[in-house]
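Please go over the structures that come below.
Look at the two complexes coming up: chain A is in both, with chain B in one and chain C in the other.
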Partner chain A sequence: MKKIAISELNSLFAAIAADRKLYIPTDDSTGQSQFTIWEEGSILSRNVNTVRSAKDSFFPQVENLMGFKVTGKQIELIETRDPAESFAVFGVRACDVRSFDILDRVFLTEPVDTYYAQRRENVCIISLACGKPSETCFCTAFGIDPAEPKGDVTCWMTGEALYWQPNTEKGEALTAQLSVLVDADVADIEQEKAAIRATAEKLPFGKLDLSAFGQGKTKELFNRPEWKALSQSCLGCGTCTFICPTCQCYDIQEFNNGKTVKRFRCWDSCMYSDFTKMSAGQPRPTQTERFRQRFMHKLVYYPDNNEGIFACVGCGRCLRKCPIHMNIVKVIKTMGEGTK
Partner chain B sequence: MQRVKEKAIELLRSGEVSRVLGWKTGEFFYDLTPAVFESVEEVEKGFVFSLFSGANLSKYLIAESKKEGKIAVFLKPCDSFSFVQLQKEHRIKRENIYAVGIQCDGMCDGESLRSAGCEGMTGVEDGESLTVHTLYGDQVIEKKEALLGKCQTCKSKRIVDFDELIGQQGEDVPSDRFAEVAKLEAMTPEERFAFWRTELSRCIRCNACRNVCPACSCEKCVFDNPVSGVQNKAVADSFEENMFHIIRAFHVTARCTDCGECSRVCPQNIPLHLLNRKFIKDINELYGDYQAGADFDSRPPLMDFRMDDPEPSVIYTRGGAAK
Partner chain C sequence: MREPLIPMIGVVTNIRVDTPDVKTFRVVGLDGKKPFLHIPGQCAMLSIPGVGEALFSITSSPTEEAFLEFSIKKCGCVTEWLHAMEPGQQVTIRGPYGNGFPVNTDFAGKDLLFIAGGIGLAPLHSVINYCRAHRANYGNIDIVYGSRSKADLVDFEEILNVWCKEDGINVHLTIDNAQPDWDGHVGFVPNYVKELNPDTKKTVVMCGPPIMIKFTLAGLMDLGFDRTNIYTTMELKMKCALGKCGRCNIGNKYVCKDGPVFRFDQLDELPDEY
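Showing the complex of A and B:
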């Protein structure tokens, strides 16, 4: 266990950023938090979480896959992949750290997504325990401990100091480079951890009953009448999917200027009318089916394919940001009550 | 506020309407959802009109008014402008709607309380100021600090069209809603460009602004059409992406009532309403004051032609419209 005074945080960030890009949460002009590249003068946000999740680090909204150049009957392949470079993300909360495990199971299973894998290999995740969880937080419902986030390094912040605990080889290697850190006693943060857990006990959805969902529940849930009312006023926008740390669907598109073709992928949303549209038409013709898809994927289909693990981490972003305030908690509660 | 719920029950019970469009209670005090209620029991269980009924319900009438039977809708003053504008555009069937106008002193939401400094919110007491209960103790904040952006520059307390009114009819109120636009106009083109590039750089293209907008009522948006070549996902570069908002603002010009829903729903707090307001201000200056949705008879300036219409390009080369 190491530590550094809060007043010295800047020198810690400077030391990490000495040989790599460092992303930290900073407040934007409207006071919301965003992961931004650290530079001299960056100020660490004190918000509980960022608007966009940390998945952007490995799975950016838009990413070039490859290019083609057509000359006569010749097609030349152009490499457009970003060069591999190591980077670090500081301030990742316990929920987002868990989301990486969920994404890994999709992108790192054969056939491995090499674009994602490259970034994943080159990152050092520095997590940060949640001092002040929001009422929308419910990570504990998924067995996540906000007082003990995983990652290559785990940090805790008290009033005076930032505590630093490396967990992996990558974390140890980074720690060895950081002479600004001084030794600390593990016992120093026990009080902080206890305080976080005490707050987590009080979270309104911290013990959400998930028994209606999970492996093998497709038949029970698919045709339930409640989907209609739940999706009734859904605007069909992509807010929930784009801010979600575990939403992973993307579309592959091409930009063609007649001579060269740029093939890229970009986030897609099951809430959109053309999602997975095929020549035969749209498999989910109304918003009810699209809405159902999103929650069935997180709470039934993903667990079906991944030993019962839910594809939600309880970060609460959708609770805050849905324009009509419909969200996964309301779905879980409504369906759960209907099952009893 | 209880009278609104009682009215919903009365309308269903009397058979005046078969459905009611209103706001449904959530898990917290602030997360109300627009909903259609089909029975007295449903209303009793879930209907609520409160400080958090900010959502404009009028766009839902496009689909709801085409269904069988009559539907009651509750409209705040700003919502009623959208309601009239949609009627002018023949997008809703007025004969299937029973409109109840309700007066309003401004609305809040969870995010507006959060930007006023509240976190871990578990309850609220509405009064002169707001007492917000949180996991970390009570916080007292001034109501005006926690109002939605659209309510901070409220333009009118007048309910333009209704079958019945709860509370008093109001009037247009003096508003400094163009002050922020004037600030942008005073910038140099370079500063203004930088301002919008910064703001729009946060856009995640979720389309919430478009989907909530009562003026965006196309059956199929060109940006949702895979064969249009400008489909929403085909991001050629970030600048082109920014253009989406400018194109959308142009498309709703003179039809936008300035209801402010675009900025309310933006997850990234982009002040999208400023684009629309700039167009409204320009129209006022070039063609005379015009407020979309304020009446049934006027013609939107950009859908009208008069011989004495000014030529904006000429006016701007001569130094702009008379202020």
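Showing the complex of A and C:
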């Protein structure tokens, strides 16, 4: 265990950023936080969590896959992969750290997505325990401990110091480079951890009953009448899918600048009407089917294929951002009540 | 590590006009060889950069060593572009994708009944020719194939000159409406299958438009067939074909990876969303 005085945080960030890109949460002009590249003068946000998850840093919203040069009947393939470079993300919360495992199970299983894998290998995740979980947080419902996030390094912040605990080889290697850190006692953060757990204990949705969901529940849930009422006002805006740390869906598109064709991928959303539309028909004709897909995937299909693990981490982003105040908690509660 | 989304470049060496809206494209790699090995029922992504990528069944049999073939119906951007091009054109190709038919396990030793409608013959053509090449491993082969008109029958020359002349293969062709130069059966596939009254011990492999599948399945049920013995292929919108872009699922199965071949008892376990 290491530590550094809060007043010295800037020198810690500077030391990490000495040989790599470092992302930290900073507040924008509206007071909302986002992961931004650290530079001299960056101020660490004190918000509980960022508007968007740190998944952006290794599964970016838009990413070039390859290029083509077409001349007459000939096609030339141009590799456009970004060079591998190490980077670090500081301030990832426990829920988001878990979300990376959920994405890994998608992108790192055969056939491995090498674009994702390359960035994932090169990122050092520095997590940060949540001083004050907010009312919309419900990570504990998924067995996540906000006082003990995983990651390559785990940090805790008390009034005076930032405590630093490397967990992996990557974390150890980074720690070895940081002479600004001084030795600390593990016992120093016990009080902090206890305080976080006491707050987490009182989270309004922290004990959400998930028993209606999980492996093998498709038959019980798929044709339930509640889906219609729940989805009735959904705008299909896709906000919930874009801010969700576990959403994985993407589209592949092309851009032709006249000389070369760029093939890129970009996030897509199961909430959009053209997501599954094809020449032969539309298996999800109304917003009800699309809405159902989003929640069935997170709460039943993903667990079916991943030993019961839910594809929601209780980060609360969809609770904060949905313009019609619909969210996964309402879905879990409504369907759960109906099951009793 | 090879990136599965990066395709290889292929060359279209031959284009055969099958019907007014279906052409069959022969594809080899830049080295002139078959791009990759496959099993019947598997698919590949073809693309013309700048136009788009689309998934097609590999219609040639794995026993065809020199090339891959695709029978493609014109219906949108990519398919229209493919239909307009000329031999010698390069395309990109990646695959093979999907599970394919259990030709060496569940089908082995069985009497097989193939039922196809229109372009639905594309995946079955691969299985049929595979079974023909390994004739001793299978029992009798029945093929029921229907389309709108005589001109809409895909692979018509091969059916007439090869399949129809082979021992142990019975071909039953039908078209929707009578026409002067047709002396064969007239009527829809589902009814024809019922009329033929096939032995319920046969293993059925069925592919075609959803409406044909629906009524043929009902007919087969009436005849006493078992759903564990009927196979079909599913068609959903696809982008990655790797089980990652999240687009093609039916319940917890991704059609691109866990399919496109399913037995009806397997489909019964999935939500009705296709």
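Simple rule for what comes next: the second predicted complex is superposed on the first by the 337 of 340 C-alpha atoms of A that agree within 3 Å, B and C clash if a C-alpha of one lies under 4 Å from a C-alpha of the other, contacts with A are read in each partner's own complex, and residues count from 1 in each chain.
Here is the rule we use: contacts are C-beta pairs under 8 Å (C-beta built on N, C-alpha and C of every residue); 3 or more make two chains touch, one makes a residue touch a chain.
From a predicted model like this one, the values you see are computed outputs, not experimental measurements.
Participant: Could you classify chain B and chain C on chain A, in the superposed arrangement, as clash or fit?
Facilitator: fit
Participant: Check whether A:117 is in contact with chain B, with chain C, with both or with neither, and answer first, second, both or neither.
Facilitator: So A:117 only meets chain C here.
Participant: Kindly classify A:297 by the partners it touches after superposition: chain B alone (first), chain C alone (second), both, or neither?
Facilitator: second
Participant: Output check: A:68 vs chain B and chain C. Expected answer is one of first, second, both, neither. What do you get?
Facilitator: second
Participant: With the two structures laid over each other on chain A, which partner does A:268 touch: chain B (first), chain C (second), both, or neither?
Facilitator: It touches chain B and chain C both.
Participant: If you stack the two complexes on chain A, which partner ends up touching A:87: first (chain B), second (chain C), both, or neither?
Facilitator: Neither chain B nor chain C is touched by A:87.
Participant: According to the stated criteria, A:323 is in contact with first (chain B), second (chain C), both, or neither; which is it?
Facilitator: first
Participant: Kindly classify A:249 by the partners it touches after superposition: chain B alone (first), chain C alone (second), both, or neither?
Facilitator: second
Participant: Pick one for A:235: touches chain B only (first), chain C only (second), both, or neither.
Facilitator: first
Participant: What's the minimum Cα gap, in whole angstrom, linking chain B and chain C in the superposed view?
Facilitator: 9
Participant: Once the two structures are superposed, pull the chain A residues common to the chain B and chain C interfaces.
Facilitator: 251, 268, 277
Participant: Provide the residue numbers of chain A that touch chain C in the complex, in ascending order.
Facilitator: 65-66, 68, 70, 73-77, 79, 81, 106-107, 111-115, 117, 218, 222-223, 248-252, 254, 256, 261, 263, 265, 268, 270, 275-281, 283-284, 289, 293, 296-297, 300-301, 304-305
Participant: What residues of chain C sit close enough to touch chain A in their complex?
Facilitator: Of all residues in chain C, those touching chain A are 1-7, 9, 48-53, 75-76, 86, 88-92, 209-210, 235-237, 239-240, 242, 244-252, 270-271, 273-274.
Participant: Using the touch rule from the top, collect the residues of chain A that touch chain B in their complex.
Facilitator: Counting only chain A, the residues touching chain B are 28-32, 34, 48, 51-52, 61-62, 132-135, 199, 202-205, 229, 232-233, 235-239, 241-243, 251, 253, 255, 264, 266-269, 272-274, 277, 319-321, 323-327, 329-330, 333.
Participant: Quick check: in the complex, which residue numbers of chain B touch chain A?
Facilitator: 26-28, 30-36, 55, 60, 110-111, 114-115, 119-122, 134-136, 198-199, 202, 204-208, 210-212, 220, 224, 226, 231-236, 264-265, 267-269
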